[in-house]
Structure formats: structure tokens, C-alpha cells
Amino acid sequence: MSLFGLIEYADASPEVRAVYDDIMATRKTDWINNFWKAIAHDPVMLKRTWEDIKQIMSPGALDPLTKEMIYIAVSVTNLCEYCIASHTASAKNKGMTDAQFKELMSVVGMANETNRLVAGYQVEVDERFKAGFRS
Amino acid sequence: MSLFGLIEYADASPEVRAVYDDIMATRKTDWINNFWKAIAHDPVMLKRTWEDIKQIMSPGALDPLTKEMIYIAVSVTNLCEYCIASHTASAKNKGMTDAQFKELMSVVGMANETNRLVAGYQVEVDERFKAGFRS
Amino acid sequence: MSLFGLIEYADASPEVRAVYDDIMATRKTDWINNFWKAIAHDPVMLKRTWEDIKQIMSPGALDPLTKEMIYIAVSVTNLCEYCIASHTASAKNKGMTDAQFKELMSVVGMANETNRLVAGYQVEVDERFKAGFRS
Amino acid sequence: MSLFGLIEYADASPEVRAVYDDIMATRKTDWINNFWKAIAHDPVMLKRTWEDIKQIMSPGALDPLTKEMIYIAVSVTNLCEYCIASHTASAKNKGMTDAQFKELMSVVGMANETNRLVAGYQVEVDERFKAGFRS
Amino acid sequence: MSLFGLIEYADASPEVRAVYDDIMATRKTDWINNFWKAIAHDPVMLKRTWEDIKQIMSPGALDPLTKEMIYIAVSVTNLCEYCIASHTASAKNKGMTDAQFKELMSVVGMANETNRLVAGYQVEVDERFKAGFRS
Amino acid sequence: MSLFGLIEYADASPEVRAVYDDIMATRKTDWINNFWKAIAHDPVMLKRTWEDIKQIMSPGALDPLTKEMIYIAVSVTNLCEYCIASHTASAKNKGMTDAQFKELMSVVGMANETNRLVAGYQVEVDERFKAGFRS
């Protein structure tokens, strides 16, 4: 399901099919997951979102697996059930081991804890952290 | 500042100094940042938090820099100013390049966006994502 | 379901029925949704919450549909499944078109993204934004 | 300030200047706010983010002021100080009255409250809310 | 400061003064904190919010100090700087000891951590937790 | 279910069994809930998390029931369904009455509302709240 239902490939308009085709070609798969079928009701957003993700998640200074783990870290922090399930599957497809997933969870849990300790104890930013990256 | 003020090394009890010493030795630095000085008012929590972080952030299936970037991803999602500043500095010390930081931000931003699109469109988890890691 | 079960009209006390009656009269419907039946176990809160919502959601400087869309924006940001479903239904009853919903989602997604970019890049508030509404 | 400092127009590369020029032309202003100057260190993201925002915030099924108020609703829910300040200023520029802002705040506050009551009382989605928009 | 500036007692309308008077009488103080002076620009909301808080925070099945600590727990989870500062001061006025504050922080930190572990490991609700409070 | 499946006592390694035994002995129960069975796939985290929780949730300056209610306050704020269900059950086991739960919900709802009003109205911290706990 989803709010407007899912648009399957067979029922999709040419512009939606073009995005579906690019998703499958880029990911080397013959399958489209529900997220895309749900937002396909807004073809402009479908295209924009896919192109942004394609650009952002492609290999660069960070490898694709690291990017997937960062995606999981955000999704777990937000408690987004769908996003956790889908990006955990993607990360596994890109080679994430069980050991890596477990360490990822430990870091995410710890960060969520210390974020609150910092707030509760009203800790001020250290002077030397304020310098940023400028030399 | 901070709620109870900051406990400097010179004023710390032996048990707090022992943690400070371990932090400095582990991080190969002669400096303690405000977070530790603020929570040092609760020596039991100081010790527990440090030992947890030391265990979690040490090299394992994920390298220390990847762990720092995951820490940043969580802290940015939660909008924790102190944590962003401190872990960005730590990541830089561990070799994070400007290019890596920029890609990290792009992924974090994108994930926070799609987490909401999934929720708003009420997307259900795909059957094949439900299988988890079990073979 | 819900923690204490749902209180149906037939089983409700006079004070709860009075709130249910006002909800149905105000909304011009013969139906009460689960939220009210669940919190009816605390009649004081039921009455306070309903009176607050009735006051807040009534037409004013903002029309009722705009208010429902703002309710959705918050609920999507918080990933509150029930609230998204119920307020999307309410908004539709008040005339929200598919096109409006889609634009709403685009804005909510974008705002959640840029909220994090601002945090990660540690952007300071511009001087001219600090002036507020004072002339 | 900001992590990498702010890139002023005079110091910007041609590709960054092109975005700045389009921002100023679109907004009919001679001024660039800090957000853009901060992310200009990543020209690819600058361009992508601006083009997305330009598309999303332009008039459509929702008018620009409604979109700004939705942006504020998200930013307030996330407690993003910069975003609240900048989009409140933008909304005011687009005609938001004091009365509209006040009603906006009332709705945002109420929605954040009831989102939690729903969660705490473990309210299940009503059957008739599950039908979505499908006819 | 604040968006519209702060309304001091001397400059307040009779209806705002009536709320200020009730706040001071209820809290047995001669002082109004910024939150009330900021929202006083919307007298209807000022009155509604104060009356709700007065009702909710008064002694009942939970004592006022416990209620203040719950307020802090929420505010720390949301990273609301103002709310943390004001409710920590209120709790201290109501007798919160340093030891109580420290334990409060430990619980809040831990809960924020395990909330994410539950999400990341996709843990399903145990059957016996679904029974709720019904006998 | 859960990502890796649940590790039952009969299938657990000696180190996992030792934690399970301590959980059951500490809680005076013969039952382990899904959270522990899910994270038991990472025995190091299982042990660390249990020992932290055991230390944090034991009686101290705050009684165990108050700690459970704080746990619920955080979990409701984060909309963590599992955590709400499990800690509501735990709190009930420790004597939480229906009346206490209802007041807890009212405070949590109110705090989530005013956290946003503070942000939206851009309220600055009062000078006298900045003094912290220092005398």
C-alpha cells in the first residue's frame, strides 16, 4: 500500500518508466522498491529525488557502502522503519558484514546518548572547536 | 560553562583524574574537552561513558574515521551543536578531508528528506526487505 | 486497540459523551476516531485537548485547510503514523487536492534536508534575520 | 562564521556566482544569506540545493506564503534556530501577518503535543483512515 | 529578545497582566520568565497555555518535582536549550538534588540510546507487551 | 522477528546465557523480552548495554518507578513504539497506577508543545537561568 497506491511498471507513464529504467540500470537489478512506486504519483518529485540520490550516493570521496551506513545512521536516529529496512538491505548488497552493522549500531546508540548528555549538562563549545576548517 | 561548571584536572578527584589520564593517553593528546569536564561531576557516569566510548570507537570492523562520520551523521540529524563541533574536529584529526565532509553532509541531508517522504506517502515495507539477515 | 482500550459512545460517561457530542457537532460527522476514544480514559485531558484543538483549528487568520497541512507537516517530520493518516484524511475532507498534498510533501522533505545542512555547516544567523518583527 | 567560512560574491568562482545571481534574480534582492555562502564550498551541492528549492518553493497548487509557513512548521519542530529565523523573515517578506504567525505557532505546538499523546496511548490507525486517496 | 520582543508587566494589557498575576501567585514569586513575556503577544495563547500548564503541573498522582523532571527529560531529548535551563531551575526550586539530576541524565541518555538500538535491530513488540492495561 | 532473528536461551552461547541469567535474577522473572534476544547477536554490546541499564535503573536518588516513567517520557517523545510498550509494562510492574500514567502523558505532551513555542518565538534564556547549580 501507500497513500495513493503503488504505480507498477506496466501502468507507468513514459516519464515514470524512464526513471524506473534508470534506477534498475544504475542498481543493476530488475526490481523497483515501494518507495519509488509510491512517489511516482508525483513524477516531477520522482525524477528530482532519484537524480539527487543517484548523484549523492555514487562513489566519490566516500565509498558507496560508507554512504549506505550513514543513511542507516540517520534513519535509525529518526526511527524510520521503512528506511532502516531498505537501506540495511542495500548496505548488505554492497557488502556490509554483520560485524560492521553491529559496530554501526553501537556508534549510533552512543551518539544519541551523548547528544543528550551534552544538552542536559548545558556544555558550551570549546574555543578550539570553533575554529572550523579554516587555516 | 555548563550546569555545574567544569572540573579542571588540577581540581579533580583521583578517580576523575584516572579517567582524564586515560582519555589523554588513548587520544594521544594533552587536552580534555568540555564534555568530560562537565559530566565529571558524576564520576560514575564519567567512567561508564568513557569506557563505553573507548570500546565503541576503537578500530574494529569499521575504521575510526568512519565511526566519527557516523557520529557526525547522528549529531547533525539531532541538531546537537556541541556534538557537531567536537566530532567534526575529531574526524578532521583522524584524516577526514573536506571532500569527505561534504559528501557526508549531502547524504545526511538526503536521508533526512527521504525519511519524511516515506512517512508522508505512508510507504509499506517491501516483502523482500523483511527477510533481514537470516539465510 | 490502544493502551486502555477504546471507550465507545455507548459505554461513555456523561462528561465524555458531552465531548464526543461536541466533536461530532463541530465536525458535522456522526463518527469519533480512535484518538479520542483512547484518551477518553482521562476525561480531564480529553476535554482540555478537545477544547484546545477546537479553538486552534477553527478559522482565523489561517483557513482550516492550511492548518491541517501544517499539522501534517509536523506529523511527517515526527514520523507519527497515526497523525499522518488522520490529518491527511481531515485535510482531504477539507478540500486538499492531490496536487496540494504533493507540494506539501516536497516542502516538508526539503525543509528537513536543509535543517541538517545548516546544522552540519554550522551556519550562523545573519544579522538582518535577528531583528525579528519589531519595527 | 560557519565551518569553512563564508564565500562572498567577490571571492566566488564563476559557477558559484551563477547560483548567487540566480538566487538574487529569483528573489528580487541584492543580498545572499549565510546559508548559501556556507554551502558554496561545495558548488555541486549549492547548485543542486538551490535548484531544488527554487522548483519546490515556486508558486503551484500552494502559494509561496503557505510554503514558507510549512517550512517554518518543520523548522520549529526540529528546533533549527537558523531555519526558523530565516524562513520567518522570508514569510514576513511574502506577507505573513503577525496574526498568521501566531496561529501557525499554535498549530505547530498542538501537533507536537498530540503526536506524543497518540504514541503514549498506543492508538491504532482507524480502518477508515487506511483507505488513502484511492477511489 | 524574542521574535516580537518581550512584554513587561508595566506595558501589558489588563488581560495579560491577569495571567502574569496568576503565574506569580501560583508560583509564589515576583518574577515572570521570558517565555511568558514572549508569547504574551498572543494573549489567547498565553492564557490557554498557562491554564493548561497550571492544571498539568499541579500536584496530583505525581508530585510537582517528578513532573519537572519529566519536563526536563522531554526537553533534553528535544535539545531545547531554553526549556532545559528553565525547567532545571524550576526543578531545583522544588527540591531537586544534584544526585537526582545526575540520575535523571543517566536515564535520559540511556533511553535515547536504546530507542535507537530497538529501531536498528528492528525488534518486534513482545506479545505480552501488547495486552496493555486491560485486565 | 528482528533483523538477525531472536536468540532463545536454549540456543544461546554461555556468555549470552550469563547475561540472560543476570537479567532474570535482577528482575525476578523467568522471561527475557525480545530486545535482549535481538541484540544478543552482538554479545559485547548485549553485556555492555545490560550492565549500563542495570546500574542506571537501580534504586538511587530516584526510585525505580520514577526512572521507568522518565524512560517512557523519552520513548514517547521519540515515538519509539517498542520502547513505549516495554517500559509501560515495566512501570506497571513497579506499581505505576493508571492515574500516574495519565499525568505522565499530560506532562510529556505539554513539554513537547512548549519546546516548540519557545523555538518559534525565539525566546532567549533568562539571565537568572544561566547561573546553573553553582553557588
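For reference, chains read A, B, C, D, E and F in written order, and residue numbers begin at 1 within each chain.
Assume contacts are C-beta pairs under 8 Å (C-beta built on N, C-alpha and C of every residue); 3 or more make two chains touch, one makes a residue touch a chain.
These numbers come from a predicted model, not from an experiment.
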Relative to chain F, chain with the most remote C-alpha centre: D
Chain pair showing more contacts of the two, C-F and B-F: B-F
For chain E paired with chain F, centre-to-centre distance based on mean C-alpha positions, whole Å: 19
Inter-chain centre distance, chain A versus chain C - centres from mean C-alpha coordinates, in Å: 27
Contacts with 2+ other chains: residues of chain C: 1-4, 45, 52, 77-81, 85, 88, 98, 101-102, 104-106, 108-110, 112-115, 117, 119-122, 130, 132-133
Residue numbers on chain C that touch chain A, as the complex places them: 79, 88, 98, 101-102, 105-106, 109, 122
Chain D residues within the chain C interface of the complex: 1-4, 31, 33-35, 38-39, 45, 49, 52-53, 56-57, 60-62, 66-67, 69-71, 73-75, 77-78, 80-83, 85-89, 92, 97-104, 106-108, 110-115, 117-126, 128-130, 133
Complex interface listing, chain B residues touching chain C: 72, 76-77, 79, 81, 84-85, 104-105, 108-110, 112-117, 119-122
Contact footprint of chain B on chain F as seen in their complex: 1-5, 44, 48, 52, 55, 130, 132-134
Of all residues in chain A, those that touch chain C in their complex: 3-4, 41-42, 45, 49, 78-80, 132
